[in-house]
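Across the two complexes that follow, chain A remains constant while its partner is chain B and subsequently chain C.
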Partner chain A sequence: MIALAYVVMMGLVALLSPAIAGTKPLVCSYQGKLYFPALGYFNRSWENAVFRKDRFRNVYPAKLREKDPASWAIWPLVYQDPYRRVRDGEWPDQPANPTRDEGRPNRFNLFGTNRAGVDVFAQMVHGARTALLVGFVSMGIATTIGVIVGATAGFFGGWIDTALSRLIEVVMCVPSLVLILALIAVLERPTIWHLMAVLGVTGWTGIARLTRAEFLRLKELDYVVAARAIGVGRTAIMFRHLMRNAMAPVLVPVTFGIASAILTESALSFLGFGAPPPNPSWGALLNDGRGNQQMWWLIVFPGVAIFLTVLAYNLIGEGLQESTDPRLAGAE
Partner chain B sequence: MLDYLIRRFLLAAVTLALITFLVYGLIRLMPGDPLLMQMESMGPDKMPRAEDLERMREVFGLNDPWYVAYFDWLGRIVRGDLGVSLSRNTKVAAIISERIGPTLLLSLSSLSLTYLLSIPLGLYSTARANKPDERVLSTLLYMLYSLPSFVAALLLQTWFAIELRGTAWELPLFGMVSDNFNDLSKGAQVLDLLRHAILPITCYTYGSLAYYSRFVRANLQEVVRQDYIRTARAKGVGPLRVLVRHALRNTMIPLVTMIGLTLPALLSGSIILEQIFSWPGMGKLFFESIRERDYPVLMGLLLMFSTLTLLGQLLADTLYAWVDPRVSYS
Partner chain C sequence: MRFLRDAEQRPPRNSGWASRQIPRTGAEWLAVFVLMLSAFGCDGGPAVDEASASSEAAATTEGPTTKAEDGNEPSIETDADAPFVLGDLIKPFDPPPTLEALEASKTWVDSPVVDAMARLRKQKQSEPPLVSVEQALAMKNESEEANQKILSALSVLPSEEGGRVDYDATINRSFQQDLRSTNPVLVSSMSESEIASMIAFALFGFDWAMNPFASADSVVSWRTSEDRMVDLVVLRDDLTWSDGKPITARDVEFSYRLIMSSAVPVPAMRAGTSDLQLVKAYDDRTVAFFHKKSSAVNVWSLNFTIVPEHVYADSVAEDPTLRKSAHHIQQEKKPVVGGPYGLESHVRGQEVVLARRESFYKHNGKQVREIPYFKQIRYRILEDQNTSLLALKSGDLDETLLGPEQWTTQTSGDDFYRNNTKVRGEESTFFYVCWNLKSPFFDDLRVRRAMAHAMNYEEMLDDLCFGLFGRSTGIFDPQSWAYPKEPPQLLEYDLDRAEDLLDEAGWGDSDGDGIRDKEINGRVTPFEFSLIVSNKPDRIAICNLLRENLESIGVLCRIAPLEAAVLQERSFQRNFQAMMAGWGAGADPYISNNIYATPGERNYGSYSNAEVDRLFAEAEREFDREKRAEMYGRIHHLIYADQPYMFLYTRSSFYAFNKQLRGYRFSPRGAFSYSPGFGSIWRLLP
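Right, the complex of A and B next:
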């Protein structure tokens, strides 16, 4: 239950990241119109063009006052940016972010700042978005591939099964980090989307094996024979009748997969193979803190966040496993 | 049994050929020229002339399309030649054998520690199931199991660097030996190596320790519910004896077969942990080779990892038949 609450909270943090920490107003009235510049954190192009035209240069508070004295704005809870250092006088009574190893956690920088003076709390909040996105999108890709491959192999059997099982074995035999690193090295300038695709196309084997086993078991059952006897087509049996029953156990490796995708993303960012620097990522923060052991806040906060997230997804996966595995029913 | 083994070996050979073929293509597709990358790091004045570069590419077979180069490589592999590293100018076999030792030091000590500790831990938590101390232990193990090893490694490094520097507990954070290693006496050398290995071994071990203890416990709990255990209890066998003599034996079956599956991990090391601790092992070698686009070393490592994975699976299945007489493949 706590794990579920944590996951929901993480989702909220990720969704509301621009409202929690940012330097762009959530809502502002500028020259008589309403704008939502904070959406720019989700996608650069969603930030209204009028602000680029008027040379706001991301320093909203001063520019709003200067260009339109009648303007008003609703600001994020914490005035800090995940991409750049907040300077002196940008926000009333808030000093410039300290740089180098002086940025210990303080009143304005809850989790400290990194060497360039970028706030760690803001990076963590926006990094949650990256982590969750990577977890869900890559596992979505992996589940699609895995279910299709596993279902086809299990349902048709024969040489199709042999060929697909060989394929699964081939992908399984290459250590996953090795395969991922090689795939990422092939891309000249990997973005976060490439990373998700790579994690997706390498992470489907477990799901495929389980789906295959489920299909092998289910297709012998009476209701399938009955469906076939009344003339239901093969695709309809596969997708309408079998898929539904096979899905519950498949949720287990998917949940564990989300945990491991989040973990792999931060490991890759840590190794310098992740998404390029401006993307806030927990792993990139760890990489920042690696060179200087005195800056413990760069290790402790993202480390704990990664740990808690992995723990939460593992707990949920475990709970699902207990409720779907008949062998465990009645234990304790 | 023999039939079964032959069939498995043939299948494994096909799988292996497929893996290496695909990965060879993948590796050759990586942007960046291995020769140029190495020269650039040495400085612009060291750049070779264009015709020299061309000759080198010819010698290393870099001008051929990758599928032609793959069969060249395969031909040499069959004759037992792994080739020569592009960036180090040494035989791949020599480089790998130089790096195996450090990795084995970590993985073997970690494996023995894991087996030595996880069985008693598993027994203990079964014996005291649902008592408060067991709850605490299991929660702790679960948390350790979810703690990513590289996060733990970084946290440990930070802790040792800030809190323990200058105390009696101070440990070296990077590398395998101290700078003055060659001046030390034999005994001091061993001690130095051990002190460097403590943190990496800890990070290697705790995760698998937690996993194995939970595994032993889960298996034991399933066995304990069986009829023959109830019979033994009914006969008046003591609780400890029931666990150790009767239940543990059947738990050993999956545990023994797991040895087979750990085989590849024993030699592959951990890319990320070796990177963090600057440990000169196989994982670090792989990482460096990817950076340097050192095709022959990469392929040599990959061949080794995949062969071991396949062998490990075979070993696991064979061991399974060996320890459990109910299983047979003929």
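Right, the complex of A and C next:
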């Protein structure tokens, strides 16, 4: 339950990251119009061009006042940016972020800063978006492929089953980490989406096997036989009668898969093969901290975040397993 | 040469050379490409990269290339079925048939033959130590003054008889990349040239001020014809290969022919030798170098790797790669060498051990040269700079390179100073962002100047470089004689100016998406480019600062960190829009010719300025150093004004040494890669 609460909280943090830490106003009124510059954190083109044209240079508080004294704005909770260092005089009474190895946690930088003076807390908040995105998108792809392949194999049986089972075995042998490294070397401009695609395309085998097993079991049950006897079509049986019942156990490998995708992304970023800079990522922070152990805050905070998130997903997975696996239920 | 290891890629062409008293010359120092530079980068790059420095080196092909006027660019691709011809790239040339005829045909001027150690001893006498060794070892290197004191005391040399030198000592060193080959003629990376400098026989060298000379360890006399078309060198008669055979002038001629054979894969080495018309041995001890043109810089083509003729003469025809046949594999394990050290063992991925060669300093039982100070040199292969530092602190290494961050934060405590001390020296290596002038973004001077105005230099130097590096003011180093008397007016950080320049150049925001764009060939092109950089956190941090500034003025910069080898390949193919990297110092400014002139082989950004081309050509023909300096000064100004590069910072070298070591001194190429360089370092008797 705690795990679930934690996961939901992480989801909220990721979703609301620009409202928690950022240097762009959530809402502002400028020269009589309402703008939402913080959306620029999600997608650069959503940030209104008027601010660039008026030479704001990403420093909103002072420029808003200077260019339009009548303007007002609602600011994020913490005035810190995941992409750049906050400098002197941007925010009243807030000094420039310390650089080098002097950025230990303080009132303005809750989790400290890295060598370039970029706030660690802001990077972690925005990095949560990366972590969760990787987990959900890659497992989304994997689930789609896995369920379709598994369902087809289990439902039709025969040579289709044999062929798909062999395919599953082949894909299981593909080393996804190596594939990602190779892909990064080949691609002109690797992004985090490539990584998710590779994780998704190689990670569906466990899901497919479970779905297939469930289908093999379920299709022999009386209610399916009955449905077939009264002439229900194959598609209807597959999706209406079988799929729903087979889904519960499939959730288990999906949750574990999310945990492992988050770990993989962190590992790649740690090795320097993750999303290109300056995209914030927990693994990239760890990589930053590797060079100098005196900067413990670069290791402890992202390390704890990765640990807790993976733990939470694994606990949820285990809980699901317990509630869906009849053998475990009987044992109690 | 260690210093190279870090950073630069040096042209292998010269690679061989010497270490101890054997001088190394030339070309090697040519500009070194610091692509990857190591740790040092200002980027603070400590840790990780330091190590890599060597790897960076991979620059295999560096080397000055001459623009061969006759256009005989050697190519490695040859018909596999064609019979092997030794020296097939040498153009027909008729040298005087006998030595007497040659001597009679020219007027001769003596060129310097120098004992590098003797020269250094003399220099040391004029520089009394500022503090005693004990005081120096008790000091912490926390200021420039302390650094000077420590250096002056610890650069002490033993007397000629050896004094308190521990001749049985082993020195433990490290490099970051394993060797591909132990054959000095096949050098292609920093670690290989490091090893080559220890084991290869060399005729020439240069001192800490980059003055070239012939080494008294190998050469009796060196004369140059007055028209500078011929160099005549007489070798000593007490030189011996490690298998006991004498080293003769025939080996020099053979090595030249070997390098000038199209089937032998040494294109980098060939870049230097292709400046030569011919190398001819007139007898066992006399060898003449014929040049293609009369130039002030001919001396830099003289030093190529010399290998034994009796080992390779027959085997090269059957295996021109020098690596595949059984005989050559045997040579890889135990090469026949002529330098002060010989290869003892090489365990892949772990270590390389060199041992002092008795036949180097003894001839017929009599000592004829100074004994190299170490009995054994053990190199461990450590890819990570942090690992090297830990090994140093625990006493497993005797010296290592430090990154600026390690220098500032990890080497101030007692755990470091218990066994070690550290010193720094200026180094002529600068880092830059190279713009590809063929790309539609950077062909406009106004855009390049706008870029230069959009970099926060102060924050880069003070914060990202730990305040240890200076700002680069152009292609030559202020310490070099080629540097102009009046430095150029630097472009300062000024985002308003940058925006104005971009507006002027037509990069407005026509579609209102917040990103500047311009109509190019009828299509609206957003100003979005990728900046390639080697995958080192410190360097990425600097790129990131540039990216942040550019983004605030509506220019998108995508940083693409690449592996060293990939970065190098992309630069050779000119397949990039912008690249952050570094250049090391060349021995002589003429070597920059192939970086900035048209169509220079290493002119990766395709920069071209007719006036610069003309000045380079003219300066090469001019013999008066004052006048040459003036021309190079003009070039410096012209290039700064054209901004084909954004000049970032110049790097220093940082080294940590065990407290038992003495005798280190810095050149613009670091502590090791000159003569005597490593050869002057010794360990105190316990």
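Please note the rule applied: the second predicted complex is superposed on the first by the 321 of 332 C-alpha atoms of A that agree within 3 Å, B and C clash if a C-alpha of one lies under 4 Å from a C-alpha of the other, contacts with A are read in each partner's own complex, and residues count from 1 in each chain.
The rule we apply is simple: contacts are C-beta pairs under 8 Å (C-beta built on N, C-alpha and C of every residue); 3 or more make two chains touch, one makes a residue touch a chain.
This structure is a prediction, so every number in the text was calculated from the model and none was measured.
**Student:** Look at A:L251 in the shared chain and tell me whether it touches chain B only, chain C only, both, or neither; answer first, second, both or neither.
**Tutor:** Touch status of A:L251: no partner.
**Student:** Look at A:L216 in the shared chain and tell me whether it touches chain B only, chain C only, both, or neither; answer first, second, both or neither.
**Tutor:** A:L216: touches no partner chain.
**Student:** So in the superposed three-chain picture, is A:A185 touching just chain B, just chain C, both, or none of them (first/second/both/neither)?
**Tutor:** both
**Student:** Go through the superposed model and pick first if A:I148 touches only chain B, second if only chain C, both, or neither.
**Tutor:** The answer is neither, since A:I148 touches no partner chain.
**Student:** So, A:L311: does it touch chain B (first), chain C (second), both, or neither?
**Tutor:** A:L311 sits against chain B, while chain C stays out of touch.
**Student:** Could you look at A:L16 and tell me whether it touches chain B, chain C, both or neither (first, second, both, neither)?
**Tutor:** A:L16 sits against neither chain B nor chain C.
**Student:** Once the shared chain is lined up, is A:W296 touching chain B (first), chain C (second), both, or neither of them?
**Tutor:** Once the two structures are laid over each other on A, A:W296 reaches chain B alone.
**Student:** Scan A:A197 for contacts with chain B and chain C and give back first, second, both or neither.
**Tutor:** Neither partner.
**Student:** Based on the A-chain superposition described above, do chain B and chain C contact any of the same residues on chain A, and if so which?
**Tutor:** 185, 290, 294
**Student:** What part of chain A is in contact with chain B in the complex they form?
**Tutor:** Listed in rising order, the residues are 166, 169-170, 172-175, 177-179, 181-183, 185-186, 188, 259, 263, 266-267, 270-271, 286, 289-290, 293-294, 296, 299-300, 303, 306-307, 310-311, 314, 327, 331-332.
**Student:** Using the touch definition from the top, list the residues of chain B that touch chain A in their complex.
**Tutor:** 11, 14-16, 18-19, 22-23, 26-27, 29-31, 129-130, 142-143, 145-148, 150-151, 154-155, 157-158, 161-162, 173, 221-222, 225, 264, 268, 271-272, 275-276, 286-287, 290, 298, 302, 305-306, 309-310
**Student:** Quick one: which bits of chain A touch chain C in the complex? Just the residue numbers, please.
**Tutor:** Its residues touching chain C are 44-45, 47-49, 51-53, 55-59, 83-85, 99-101, 115-117, 185, 189, 272, 276-278, 287-288, 290-292, 294.
**Student:** Per the contact definition, I'd like the list of chain C residues that touch chain A in the complex.
**Tutor:** It is residues 44, 46-48, 386, 405, 408-410, 459, 462-464, 466, 495-496, 499, 509, 512-515, 530, 535, 537-538, 540-541, 543-545, 547-548, 551-554, 556, 558-561, 563, 566 of chain C that touch chain A.
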